[in-house]
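Okay, so subunit A shows up in both of these, paired with subunit B first and subunit C after.
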Partner chain A sequence: MIRRVQEVLLKDNTLLLLAFILMISYFTWELDYFFTKVNSITILQYSAVTFVSGAGFAIVLIGGGLDLSVGSAMMVVGVVTGKVFLAGLPLPLCLVIGMVVGITIGYINGLLVSKARINPLIVTLGMMFVLRGIGFDLVDGRHTRIRDDGYRWARERIGGLPVVVYILFAVALLSIVMLRYTKLGRLIYAVGGNPDAARQAAINVDRFRLGLYTLAGLYFGFAGIMLASMLGAVAPNSGTGRELVIATAVFLGGASLKGGKGSVAGTLIGVLFVTALANGVTQMQIIPEIVMVLNGVLLIAAVAFDQRPKGGYR
Partner chain B sequence: MNTENGGRRTNERSSRTTFKSIALSESGGRVVLVLFLIVELIFFGLKVPGFLEVTNILSAGRYTAVFLVVGVGTTFGLISGAIDISIAGTIALSGSIGTQVMVAGASPFVAIGVSLLIGAFVGLLNGIVVVKLRVNPLVATLGMLGVARGTAFLIEGGGGGVVGEMFRTFDPIFIVLQRDIFGIPLPVVFSLLVIGLGYVLLSHTRLGQYAYAVGGDPEAARAAALPVDRLRIFFLMLSGFCAGIGGWMMASMLGGTAATIAVGWELTIITAIIFGGVSLAGGIGSMVGTFLGTIILGFMVNGMNLAGWPTYHQLIAQGSLLLFAVGIDSLRSGGYR
Partner chain C sequence: MELDTETGQSERESEPNNGDGIDHILELRGISRSFGPVEAVVGVDLELRRGEILGVVGDNGAGKSTLMKIVAGMVKVDEGEIRIDGQRVEINDAQDARRHGVEMIFQDLALFDNLDVAANIFIGREKTSGMPGVLGFLQKRQMHKEAEALLRRLNIDIGSTKTKVGVLSGGQRQMVAIARALAFEESESILVMDEPSAALGATESATVNELISSINQTGLSIILISHRIPEVLSLAHRVLVMKRGRRVDVVDAASLTVEECVNLIVQGNENR
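== the complex of A and B ==
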């Protein structure tokens, strides 16, 4: 009976949705400003960057990998984009360059995992620091504001909604369709869930992993140029600590370290959850670092909850 | 189906382990490490004037001492199969709390004791999360890294710490690590004692054998009626405890610490240990390797600082070294599948 209840609760992020509604209710009760149109749009706006990078993070996890370099990768993309923009290149070209940088980073991660056969945890942990160093190096650690309306395209509004909110929903829709209804999506779930079986089915797992990390690089590249534009700056410290928030959101959304599990829809709810939490806690004017503690606890709780019924780590 | 799969994997792993132990003897690995250390010393010796002078070597030793002490615990954790990346947060938390207790006017022994207990407590939490909730140690300790450092900020009330300011008002016992003994900084002596103890524990006691057994093949260890879960918790506690000592060492050397200390040290310490031959897969490694790896990293950090390399170059160097070290480990053991 308890098992049955557990199953229902675990299915399709029911529990996460319940917790989300509870949290929203609590903040609405406590804070006058929380459940207003303006603040809701703010939460959506701040969710956008986290979601686009989180979708990439989730896809890697579903495919059986892990990419902790996400925050640093976004930062490097943003720094390069801003730097070439300051050098006088036209904006569209800068954005393309940023995306290419993201894809290249993903490709390098993929090579290290599939060819050098290094554990993805360590590959991306090492890359997290290498990239952070490179990003700082490119601008000598300096934070530079870019006061240009074109560069700050992500802050524009269309019909009252910020551009990034449209992007959020567009990326969500495309990713859901890709994962659910295309061959590639089914392949990601299949190989991620059981690489040995995939090998027996004559799937080239190495090439798959190379592609998987490169695909994630595409997402991180996109998130990186959005972040740079939202900040309106070249900000070498903009990626630090982001991996914790993203990982928390994605694991809350039902992804698993074992691969083959999770969804983009779940990631979206997870991202909204952590963003709304940070928003509410900040408004309650507690010390901001408590968000860090809460994210850490949530991350552990999410993974614990996911692994418990199925045995988990031995 | 699951058990069958698990069993097969275990067999594969143990046969790989034997192959590896034959293919790459421990002494062979150590020769490589010593050679690397010599090359490094020559490189920085030529590049940085004064690098090889006794005063510099001793000052490099002060920080390396903290890495060594924390690394002893992390080595036990890794060999028993659990990576602990919360150590840097634990250092910050235990150092901050120790400092606060000291500021509150407690006896230095209480302050030191509290620092160490905080470390062990964080380790205990890690252990419980990993063993009871069955969370992968990487994720558990990544979360704990945020929790520990965030808590350190909370305790400070979001304000700055008390680095250095309390220098004179602190009790001499709390800041004892600022002293020298026969010209050698006390942290160096202390860290050598700790790693010596770690060596004896790991290589010459039953406890050490248990660490290898639990990390190398948990199923076999269970079959041999070892209390695998309790041992896992214990080794993670030991890892936290050593990080707690590291926190006190920092507070003692600096005369108080803030929540912002030791950022990114988990990378340095884990890189050093893996460079020293401890395998991420668990069950393989030695304290001598950790010692050599940590010395290499310690001199590298010192040399880069003296050469005037910016911190971000050091990040690149350390990250690359980690990838290199694990790449070698993967090539040896067949690597990630």
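== the complex of A and C ==
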């Protein structure tokens, strides 16, 4: 009986879902304004950017890689998009330029990992600092508001729901379908699960990894232009520290450092979890830094759970 | 066993049989490969007859796996030529090998524990529809159906093709690896098996050996590398002995004892 319960709990994201429901229930019990329509929409709105970037992060992780440059990449994309907009370029072109910057960053990461064979932790950690420096330098560290309604498209609402919420669900649907139902998704799990076997199955693993990091760059680019629009500013400090929240959400959602495991659906639940947690803690007027502590603890717990020995810890 | 003192080779099947009507599906001539100062394979000739099982035996470091990896496209040859069906071919990677009908089952089986049986069988050759290339939608139902049919044809009982390979036993994993190698093979193809029963117990080894024998009877030509001499002698038609990267001898398995085989492996041509 206990074994059966264990099997059910450990299946996919059942444990996470249960924890999520328990947490929501607790905050609903404690707070008058937690489980309201307005607050629910706020949670979804604040989840959007984290989810879009988290989906890219998850896909790389499932494919056996790692990309810690996510926050800095989003920041540089936002800075470049804002700068070219302030220089007078039409908004659609600015958004395309932002996306190209994101894809280029992903491509560079992919080249360094797959062709130069440098450890992805080192590559993307180094890129995190390189990009942060570049982003700061591009605007001399200055934060500049952009008071243009067109630029702030991400703040618009359609049918009462913020545009970014629709984007969240659209990206979720596309990404879930891609990972579960296409050959690309199958190969991502294969290369992540056993890259040597993938080579022996005549899959060009190096070229595949290059493509994977470039795809992640596409996600980060999109998240970056969303973030810039939501902030309505050129903000060189945006994206800083986002790596922690994104990583926590993705590992909670079932991804593994070993690769070959995880899902976009799990990442979505993980993102909603950490966003709702931050929301609830803020409403409880506990010191905001506690959210960072909780995220750190959750990250360690999620990775420890993934790396637990088969028979459990003794 | 009488030895030809001039050539140091046995009277049994040891000479390449060019031009005598024997049908060779695979021929290797003068194959050499080094890794830095280490000569892994030196001037090896090999002939695989159509429809036979050729055992390859030798001590650790004899060059058996390197030679087979050359055939399977995992390692490039430094010198020598490869002929398939009498035609000279270039095998630069695994895709080339597959194109020429060569499939290899590696010692570690090269399976994906995080994917199910059907996914493992079709990996890299998935059936898709809709968009071209990697964006195509997986025809999962069709692949499961074909995987089930394949396992039934080979008399392999795995249970469901939706089972993750990671939970299968050693013998079952070996069966999946064999099924994957055969899924796209035609009878006029070459299967290379590297230590198929190395990690298996007696019962599972017997089951795998039965499967190897039965698939050979469909006409498949097989090269079998193994340390288990009795198994090789019971399965193979002929045995290639290697030592220190060189071909020692090729003998008819039926007339070779385990002791004689071990002597060849250990002493090579030294005592002739």
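Basically, the second predicted complex is superposed on the first by the 303 of 314 C-alpha atoms of A that agree within 3 Å, B and C clash if a C-alpha of one lies under 4 Å from a C-alpha of the other, contacts with A are read in each partner's own complex, and residues count from 1 in each chain.
The criterion applied here is as follows: a contact is a pair of C-beta atoms (placed from the backbone, for glycine too) under 8 Å apart; a residue touches a chain by one contact, two chains touch by 3 or more.
Predicted model, so just to flag it, every value in this text is computed and none were measured.
**Student:** Is this a clash or a fit when subunit B and subunit C both end up on subunit A?
**Tutor:** When both complexes are placed onto subunit A, subunit B and subunit C end up side by side without any clash.
**Student:** In the superposed model, does subunit B or subunit C contact more residues of subunit A?
**Tutor:** Touching more residues of subunit A than the other partner does is B.
**Student:** Once the shared chain is lined up, is A:Ser25 touching subunit B (first), subunit C (second), both, or neither of them?
**Tutor:** A:Ser25 contacts neither subunit B nor subunit C.
**Student:** Mind working out whether A:Asn237 is in touch with subunit B, subunit C, both or neither, as first, second, both or neither?
**Tutor:** In the superposition, A:Asn237 touches no partner, neither subunit B nor subunit C.
**Student:** With the two structures laid over each other on chain A, which partner does A:Thr282 touch: subunit B (first), subunit C (second), both, or neither?
**Tutor:** Touch partners of A:Thr282: none, neither subunit B nor subunit C.
**Student:** If you stack the two complexes on chain A, which partner ends up touching A:Thr144: first (subunit B), second (subunit C), both, or neither?
**Tutor:** neither
**Student:** Which partner does A:Thr14 contact after superposing on A: first (subunit B), second (subunit C), both, neither?
**Tutor:** Neither partner.
**Student:** Between subunit B (first) and subunit C (second), which, if any, makes contact with A:Phe251: first, second, both or neither?
**Tutor:** A:Phe251: touches subunit B, not subunit C.
**Student:** For A:Pro195, decide between first (touching subunit B), second (touching subunit C), both and neither.
**Tutor:** In the superposition, A:Pro195 touches subunit B alone.
**Student:** When the two complexes are placed on top of each other via chain A, what is the minimal CA separation of subunit B and subunit C in Å?
**Tutor:** Across the overlay, subunit B reaches subunit C at a minimum of 7 Å between C-alpha atoms.
**Student:** So which positions on subunit A get touched by both subunit B and subunit C?
**Tutor:** 196
**Student:** Any idea which subunit C residues touch subunit A in the complex?
**Tutor:** Against subunit A, the touching part of subunit C is residues 74, 93-95, 98, 104, 106, 108-115, 119, 123-124, 126, 128, 131, 133-138, 140.
**Student:** Which residues of subunit A touch subunit C in their complex?
**Tutor:** Within the complex, subunit A touches subunit C at residues 181-184, 186-187, 189-190, 192-194, 196-203, 260-261.
**Student:** Which residues of subunit B touch subunit A in the complex?
**Tutor:** Checking each residue of subunit B against subunit A gives 5-6, 83, 85, 129-130, 133-140, 142-151, 153-154, 157-158, 218-219, 259, 264, 267, 274, 280, 310-320, 322-323, 326-327, 330-331, 334-337.
**Student:** Which residues of subunit A touch subunit B in the complex?
**Tutor:** Checking each residue of subunit A against subunit B gives 112-113, 116-123, 125-137, 140-141, 195-196, 244, 247-248, 251, 257, 287-300, 303-304, 307-308, 311-314.
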